[in-house]
Structures are given as structure tokens and as C-alpha cells.
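Next come two complexes, and both contain subunit A; in the first it sits with subunit B, in the second with subunit C.
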Partner chain A sequence: MERLLKGYVGLVYAFMYLPILVVAVFSFNASDMIAFPLSGFTLDWYAKALSDTRLLTGFGTSLLVAVPTAIAATALGAAAALALTRYRFKRKYLFLALLVVPFFIPRIILAVSHLIVMSEVGLERNLVTVIIAQTLIILPFTVMVIASVLIRLDSRVEEAAADLGATGWQIFRRVQLPLMRNGLIAASFIAFVLSSSEYVLTNFVSGRSQPLSILVASDFRFNLSPALDALAMLIVLFNVAIVVVSEAVRMRSK
Partner chain B sequence: MPSATINEGPSGKPLLVARALKKFYGGEPAVRGVDFSIEHNSYVTLLGPSGCGKTTILRMIGGFEAVSAGTLELDQRSLVDVSANRRPVNTVFQSYALFPHLTVAENVGFSLSLKGLDRATIQTRVAGALAMVRMEAMSGRWPRQLSGGQQQRVALARAIINEPKLLLLDEPLSALDRKMRKDMQIELKDLQRRLGMTFLHVTHDQEEAFALSDWIIVMNRGVIEQQGSPEDIYRRPASAYVADFIGGANLLSGKIAGVKGELAAIDTEFGTIEAPCTSGLNAGQVASLCLRPEQISLNGNGRAISGAVSHVVFQGAESLIEVEAGKSRLQVRCERTPPEVGSTIKLTFDPQRAWIAAGAMGQGS
Partner chain C sequence: MESQKAALTLLVAPVVGVVAVFCLAPLAVLFCYSFFHVEFVEIAKQPSIGNYVKVAESETYRWLIAKAVGTGLSVAAIAGVIGYPVAFFIAKRVVLLKSVFLTALLIPLYTGDLVRIFAWRVVLGAEGVLNSFLLWTGVISEPIQALLFSTTATLIVLTYNYLPFMVLGLWLAFESLDDRLLEAAADLGAGRWATIRRVILPRTTPGLLAGGLMVFILVIGDYLTPQLIGGSSGVTVISAVNDLFGTAFDWPLGSAIAWSLLATMVALIIAAGLLFSRTRLGRSIISGG
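Moving on, here comes the complex of A and B:
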């Protein structure tokens, strides 16, 4: 029974990681063809990916979108999470439902409707519209991450602060904010990773300057090369590095 | 020039006065209209089982719950519309509620740093408050590095540093073990005397209430059953509920046959017994004769009841004997070798030392 269970777990992980492993293998393969048999080891594809100015510009654009999106989604998420966990108000469940509903709407439908509204209002497609659209769909994730931290915090601590003379702002600044710091860090990194890998919505609402995810997707279709595998591995490494750094920050703060 | 006088301390008026104080939670009454006052420089306990409304009263005084109806005045000023952070009242919370991200010294100095006092002043006063609770050595520690008893002391220091007019303590000792609880009781009482501060302490533990209080308010189901000095409450319980809740009395219920001044006659299953009584009793009313275990003896004079020994509980210096007599089970203390289980014995008591309280157990009051 236990062997069966272990085999099953192994299979699930294989299914998850085998495709990434294949990409990793071909990123080091000394051949133009993304096909077996392998023909030797090379780092040329990494060199090529890192010297491609178009891709580097795309990476820069991704950062220009992901950083403000992460900040906005985290700030708005924190406000919503505080409202949900710390205040009594009417129609709280409606408030929560409206927050998470976008998560259940197919991205393509959201994308098209965003486009329609933008053209009706007369908004031009640019990086700002990408940031706004991404923030909206990432918000449910940041709210949940921050709310899960707030729920575990003893709200008596906030009562104690009020008891000792703290105003609403002082309670937030001196007690709630430091205690929810880990949640804010985790939420902002999740928002950053989600933003940099978002494709469907970004594809629709971005204008002339396109983030890396759009460039990579179009290249995979029209300009396939092992350099893209190398780029994909660099992105994976970058994201892992972000998670490791954020966890390290979290551990040290304990 | 007439000199300005600052009127501090007792002016003959109580520190806190609650009148017809009520609290509803969505129509459900938690506090059904209570009246009490708290004198300056006294140690008062709100005593009752969980759900009796005692913590709700404390939270209304602290400013964490809104008052539904009635008045609440501190030094003759209404507290009703004053927010928690503006009340000259501080609280020691049941779970201590120390700030986990601040050191012991920072926790204690929290209220002073909110006021914008300079570092040196804060340091001096924090050291003083920590010395009061004998925690000077721990000032650099984090709350998670402290034991329950130590956290308790820090919470206490944090609450008294600002010299509140009234200190609220919400079941502060309930998380401590028995030995620690006894030590802390003595320290709390001592601290209250040394500071000359008024303490209002919520507890469900009657021993704790007796050990600490100048004044006890006994609560049951959102109302005050009785308030008075510990001795009053123990010797002259107003109701069967109080007699039973405080110190485990033997209660013989029956109807009042007649009242004559401070004495009443009650028809019990062991005949009519005349004893001192609580005020306001009328003939025909259901009441209970209260006999404390120590008021019954195994070989004395006075009224006698015979019964069979059903249990003997060894308690060290003495034994607690349970006797079945008629429909009643009576508990008696015995300092000698206890009688055999099953043997029939004669219990005697002096009716002049017994007490008749209103109502009977298992009956709404």
C-alpha cells in the first residue's frame, strides 16, 4: 500500500516537472533542433538569450509592469484583507464574493470585456492599462494570502494597543503593519510572479511595448529556437530566486 | 488671587458607577441591567460562571464593547461615548495580548512612547514598572521567550505604567498552574495596596475572589445575585445560587413558615427550623437552609439529622464525608478517623449559625 502511494506521488511530480526538465535539457543541447537524440553540451543558447536586445527589452518591460502591479495588488489586498478580518460591516459576504468572482471568470472573457470598456472610455492601450488589468486579476490572491496571515493574529493585541492609548492609525502603524509584514512580503512576491507570467489578459490590453511573456509566447510559435529554452530556464531560476530571497527575509524576521 | 486647586483622589464619591447597565448582542441579552459602584483604592471582583456577563461588563468599561443601555460613569463623567484609547483605564487581558514583535521593555513602554515622551524618561519608568513586578532582568527578552507567569507580569507592568484610575483584569490567572496562581494572588493584592490603585478583577474562581477582594459582585445569567464583602457573601448569601456557588453549602430547600425580624422558620424535610435569614423573605416563599460543611458536627448538641455515610474523601488534615439523609446529600468535614462507609451516623448543627437564603437550587432566580 505504502509503495503504491509513493509511486503515485512520484508520478504526480514526474508529470509536473518532466516538461521543465526537457526544456532544461534542450537549453544545454548543442543543436538547432529541439529533438532527440542529444548532440552535446553548450552554453551558447544562454549567451544568445542574454544578448538578444529584443528579449532584454521585454524583460525590462516585464519589470516595469510587475513591480507596480505587485505594489498596487499588495496595498489594495491588505486594505481588503483588513476590512474582511478586522471590521464588522453589512454585506461582508457580498464584498468577499465580488472580490473573488473575477478569479472564476475565464481570462479570455475578462480580456475582451476590458478591451471593450477601454475603447468605450477612450483609454489607450499601454503599460498602465496592463498594470491596471493585472492588478484586478491578481487582487484575489493577495487578499487571500494577507487575510490568512491576519486571521491567525490575535486581535486582542490590537485591543491592547487601543487600551494603551493608540489611535486607529497608531494601531495600524505600530501593531498591525509589523505583524502582517510577512504576509505583505509573501503577497507581493506572489503578485510579482503572477504578473510576470500572465499572458492572456496582457496580450489583449498591452500596446506597442510588450512584456517578456508575450514575446516568448509569440517566439515559441513563430521563431522556435533552443535560445527560448535557455530563456525559460533563466525565468524559472529568477522566480525561484525571488521565492528563496522572500523566504529568507521571512525566516530572519522570526 | 484665588489659587487653583486640583481635586485628586477620593472626593467621597465612588470611582465608577454603573446604573441599569445593559448589553444585547443582536437582541440576546448578555447583561440585563446591573447597578454597582466601585470605591477608590479598592479591590473588586466580578465573580460568576462563564457566560454570566462578567467579562462583557469588563469590556464595556474598557471600551471594547458599546453600552446598549444604562449609564457608566468614571469620576462622575460618562464613559459611554469615550473611545477605548481615551479612557483612563487599562486592561490585563486573559491571553496577556503582549505585542509579539516588541521586547519586554518595548511592550511595557508602549503607552509612553505613544505619548511621545523622550527615551530617557521612558527607560526610567519602564525600569520602575518592571521592578514592581520583579521582571527587571527580562527587559530585553521577547514575549515568546517568557513563561506564562512571566508574560502575566509583563502584561501587568504594561497596564500599570500609565497609572490608570482603574485597572481591569480579565481572568488574569486562569492560564497559570495552581501553585503559580496562589503566588500571583498574593502579589496582585500586594501590588494593589502599594500602588493605591483600584483593581476590578473578573474571575470564575471563588477562592481567588475571596483571597483578593474587598468587595465581591456575584453574577448569574446577566444579573447581579449579590454584592458585598467576602465575609457577607460567605456567611449571609442572599440566594441559594450564591450559597452554592460560594464554598459549596448544604442546601435544604422548603417553604418559609414565618418571618420574625431577622429570623425565619423554614419547613424542611427534617422539620421546621428557625435560623437567621436574608432580608425580604415572605411566608410561603421557597427558600433554602444553608449549612456549611464546617457548621455540621458529628458529635455535638443542637438539631440532629441521622443518615448513612455514602462517601469518604481523604483530604489530608481532614476528610470530607458525604451523608445520605432523606432526599438530601450532606457534606460534612471530619478531623478524626472518619466513620465507615454505610454506617449510620448522627449529624448535629446549631440553627443560630445556619442561614436561610431565598430560592432553591435547580430553580431560576
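Moving on, here comes the complex of A and C:
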């Protein structure tokens, strides 16, 4: 029974990684066709993906969105996580519900309501609107990461600081901020990754400047090529590296 | 105490403000728009319930909303069945590498919707990896056309997308399940199935419901997967809203469909909550049993 369970769990994890593995294999396959049998090893597809200037510009635009989004989502997430873990207040559940609502509203519905508001106010679609929309849906993730660090920290340190006469600001600046530093780093990394791979909202509210995800989307609607495999692999490696680093940082905060 | 209160306000206010201004207010504006209508290429702002009558009378829109609910429930059920043993394993059998197992489960999520869907298209397509692999090994002689652009393909990829959320919900429930209860059940002579049915299942039902709720909501909101994997079966209520805001240019009708969907979802969730709270199990959980 135990061995059966282990085998089953292994199968589910294999299922989770199968598509990524397949993309990895074919990004090195020396053939135009994404099909078996394999025909040999090549790095050409990576060279092709990396030399595409259009994609590089798109990557730059993605950074323009992802960095401010990560900062905003982490700052708001830290405030919410502190409130949730360090204070008692009525309607805490209401506050928590409010935090997760944007994530659970279908993205298209959130996007079209932003579209209406922008047209009412007379705003053009631009990257700022993408940043705002993404910050909203990424917020629950940063709150979760920072709260998970705060929960493990001993709140008596803060009580001690208060007993020794520290003001609220001093406690925040000298005690809480250093203690939750790892949480902040981890949260901003996760937010960065989620932002750079988000598509639906970005597509709807971004105007003429097109981030990488939009370019990838239009490419793979029309031409599935192994160069896209290579690009997907680069994105996956980039994202996974950031997530693994951030997890390591988060775990170290004990 | 006063400074405590001020600090709390300082922390809570910006978050509430951002969510209120950039999520709740736009949704309210969307609600207002659902009562307007389009005249030629202008949006006429005389309120009427015409759009909702249209949605209620149209078989297509009713069917699309029902289909969204059906897909959400199916994927939640499939993910529940697949994820249950996995969550049990991570919570009760993994000791040292627990966070590694959880992170490994979440990493595919961080590759982004597009890359995941792209990968599945590569796997499932008619000239794709699975077909060419089966042909190559001689298991089949003709490619299976139905693999991509079908409801089955959509269900597979949706399950793949949202399984981690189900496992997370269940894992939390398994973590709070006291091992001593299982020992007690065994000591009292309960067999494996009796323990599962009478102890483990009831104790983890809240996790199953929480995970199921997340999957249900996220599946209904998923726009890309049915579009890019489902082919002609990929028309969803969400894609209908998208079309009305794009090429079809009927923002008021799109708003009314969006709000009909939101209202249906909220009503279903409340109904499920009420039903659950009336069961003996629900009552015992609410009263802190």
C-alpha cells in the first residue's frame, strides 16, 4: 500500500513536469518538426531565439512592467501581512476576503471593467494600467509569502522593543523590517515572475508597447517552431531559477 | 493603544484603498454599464434591464453559463480525486523535504499560462509529440485527431493548471489532522476503509471544499486554455464577454453577461455553503467539533 502510494505520487509529479520536459527535449532537437523520432542534438534554436531583436525588446518591456509591479505588490503585501499577523482586529476575515477577491475575479472581467473605467476617465491604455491590474492579482501571493515568514518570527521581540520605549515607527524600522527582509525579497521575486508571465490582463490593458508574453502568444498561435520551444525553455529556466532562489531565501529566515 | 490603532490603520488603509479603487469600483462601473445599451456606435446611457432580459432569454448565453459551471465542477472533482492521495502523502509521509515537495508542485505554475499551454499543444497536437511517439512505437497506425482541440484536451489541461491549488487546500487540512485520531481508530479496531471513511474523509472535507472552491472559480475564469486547447469547443462565457468588448462592440451586453456569471458563481457558492452547514458534518465543524 505504501509503495503504491509512492508510485502514484511519483506519477502525479511526472504529469506536472511532462509538458515542460517535452518542450526541453525538442528545444535541443535538430529538426523543424516537433515530432518523434528525434533527429539529433542542436543549440541552433537557442541561438535563433536569443538573436531575435523583437523578442529582446519585448523582454525589456516586460521588465518595465515587472519591476514596478514587484515593488508595489511587495510593499502592499508587507502592510497586509503585518496587519494580519501582528494585530487583532474586528473584520479580519473581511480584510482577508478583500485581499483575495481580485485574484478570483475572472481576469477578462477585471480587464474589461478597467477598460470601461479608462474610457470613462479618458485614459489611454498604457503600461501603468498593466502595472496596477497585475499588482491587484499578485497581491495575495506576496501576502502569503511575507505572512509565512512573519508567523514563524517571535512577536515577543517586538513586544520587548515596545517595553523598552521604542515608538511604533522605530519598531517597524529597527525590528520588523530587518526580521522580515527575507520575506520581502522572496515575495518580490515571486511577484516579478508572476508579473512577467501574466498574459490576459497584459494583453487587454497594454497599448502599443508589447511585453514579451504578448509576442510569444502571437507567435505560437501562428507558427509552432522549435525556436519557440527554446524561448519557452529560457523563460521557464529564468522563472524557476528566481523561484528557487526566493524559496531558499524564505527558508533561511528562521 | 491609540498608537496601535493608528499603526493598524496605516497598514490596512492603503491595501483597502487599492482594492476598492482598482477592483471594486471598476466592477461597480461594469454593473452600471450592464443597464445601458448600444445605439449605432454610441453607448446610450438610459438605464433599462434589457440586457439581462436578453441574457435570460438567449439559449446560447444560458448554455454558456451552465457550461462554465459544469466545467468548473468537473475539473474541481477530477482535481479532488487526483490530489487527495498526493496531499495525504505530503502531509503525513514526507518529513524532511516537505517544503521541497510543495515548491516542486508549485513550480509549473510559475512558468506562466502561455508556456504551459504551448507545452501541452506540443504534446497533444495531431502532429504532436504524443501522436508521433505512439506512431513511432507502433501502438497506433493513424494519429489520434481528437487529442487536441477537444473537450477532453481542455479538461486535461485545466486539471493540470489548477491541481496545485487543490493539493494546497487539502494539504492544509491533512496537516491539521491529528495522527492520534488515526491511532485511536486503529486501536478501536477500525479497518483501513473505515478509518478513511469515518475519520480521515470527514476531517479533511473543509480542505476539499476550500480547494474545490479555488479550482471551480479559477477554471470558470480561465480564458486562454479553452481558446488555445479546445479549438471549436473552446467558446466559453468568458470568451463571449471578450468578444463583446472587442470585435462585436456591445459593452453593455458584455457587462450584463459578466455580471450574470459573477452573480451565478456567488449564488452557487452561498448555496453550497448553506447546504454544507446543514449537514451533520458541517454543523459539527461550525460548532468547533
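Convention: the second predicted complex is superposed on the first by the 240 of 254 C-alpha atoms of A that agree within 3 Å, B and C clash if a C-alpha of one lies under 4 Å from a C-alpha of the other, contacts with A are read in each partner's own complex, and residues count from 1 in each chain.
One rule holds for everything that comes next: a contact is a pair of C-beta atoms (placed from the backbone, for glycine too) under 8 Å apart; a residue touches a chain by one contact, two chains touch by 3 or more.
Everything numeric in this text was worked out from a predicted model, so none of it was measured.
Model built by superposing both complexes on subunit A: subunit B and subunit C fit together without a clash.
Using the contact criterion defined above for the overlaid structures, shared-chain residue A:216 touches subunit C, although it does not reach subunit B. In the superposition on chain A, A:167 makes contact with both subunit B and subunit C. Draw one line from the C-alpha centre of subunit A to that of subunit B and another to that of subunit C; the angle between them is 90°, to the nearest 10.
In the superposition on chain A, A:112 contacts subunit C only, with no contact to subunit B.
Once the two structures are superposed, subunit B and subunit C can be ranked by residues of subunit A touched, with C on top.
When both complexes are overlaid on chain A, the residue A:179 reaches subunit B alone and has no touch with subunit C. Of the two partner chains placed by superposition, only subunit C is touched by A:240; subunit B is not.
Closest contact between subunit B and subunit C, by C-alpha atoms in the overlaid model: 6 Å. The residues of subunit A shared by its contacts with subunit B and with subunit C are 167.
Residue ranges of subunit C in contact with subunit A, taken from their complex: 3-4, 6-8, 10-12, 14-16, 18-19, 22-27, 29-30, 33, 82-83, 85-86, 88-89, 93, 99, 103-108, 110-116, 118-123, 125, 127-129, 131-133, 135-136, 160, 163-164, 192, 214, 217-218, 220-221, 223-224, 228, 238, 241-242, 245, 251, 254-255, 258, 261-262. Residue ranges of subunit B in contact with subunit A, taken from their complex: 62-64, 83-86, 89-91, 93, 95, 97-101, 110-111, 114-115, 158-159, 162.
Residues 1-2, 5-6, 8-9, 12-13, 15-20, 22-23, 26, 33-37, 76, 79-80, 82-83, 87, 89, 95, 98-99, 101-102, 104-110, 112-117, 120, 132-133, 135-136, 139, 167-168, 172, 190, 193-194, 196-200, 213, 216-217, 220-221, 224, 228-229, 232, 235-236, 239-240, 243-244, 247, 251 of subunit A touch subunit C in their complex.
The residues of subunit A lying in touch with subunit B in their complex are 154, 156-157, 159-167, 170, 174-175, 178-179.
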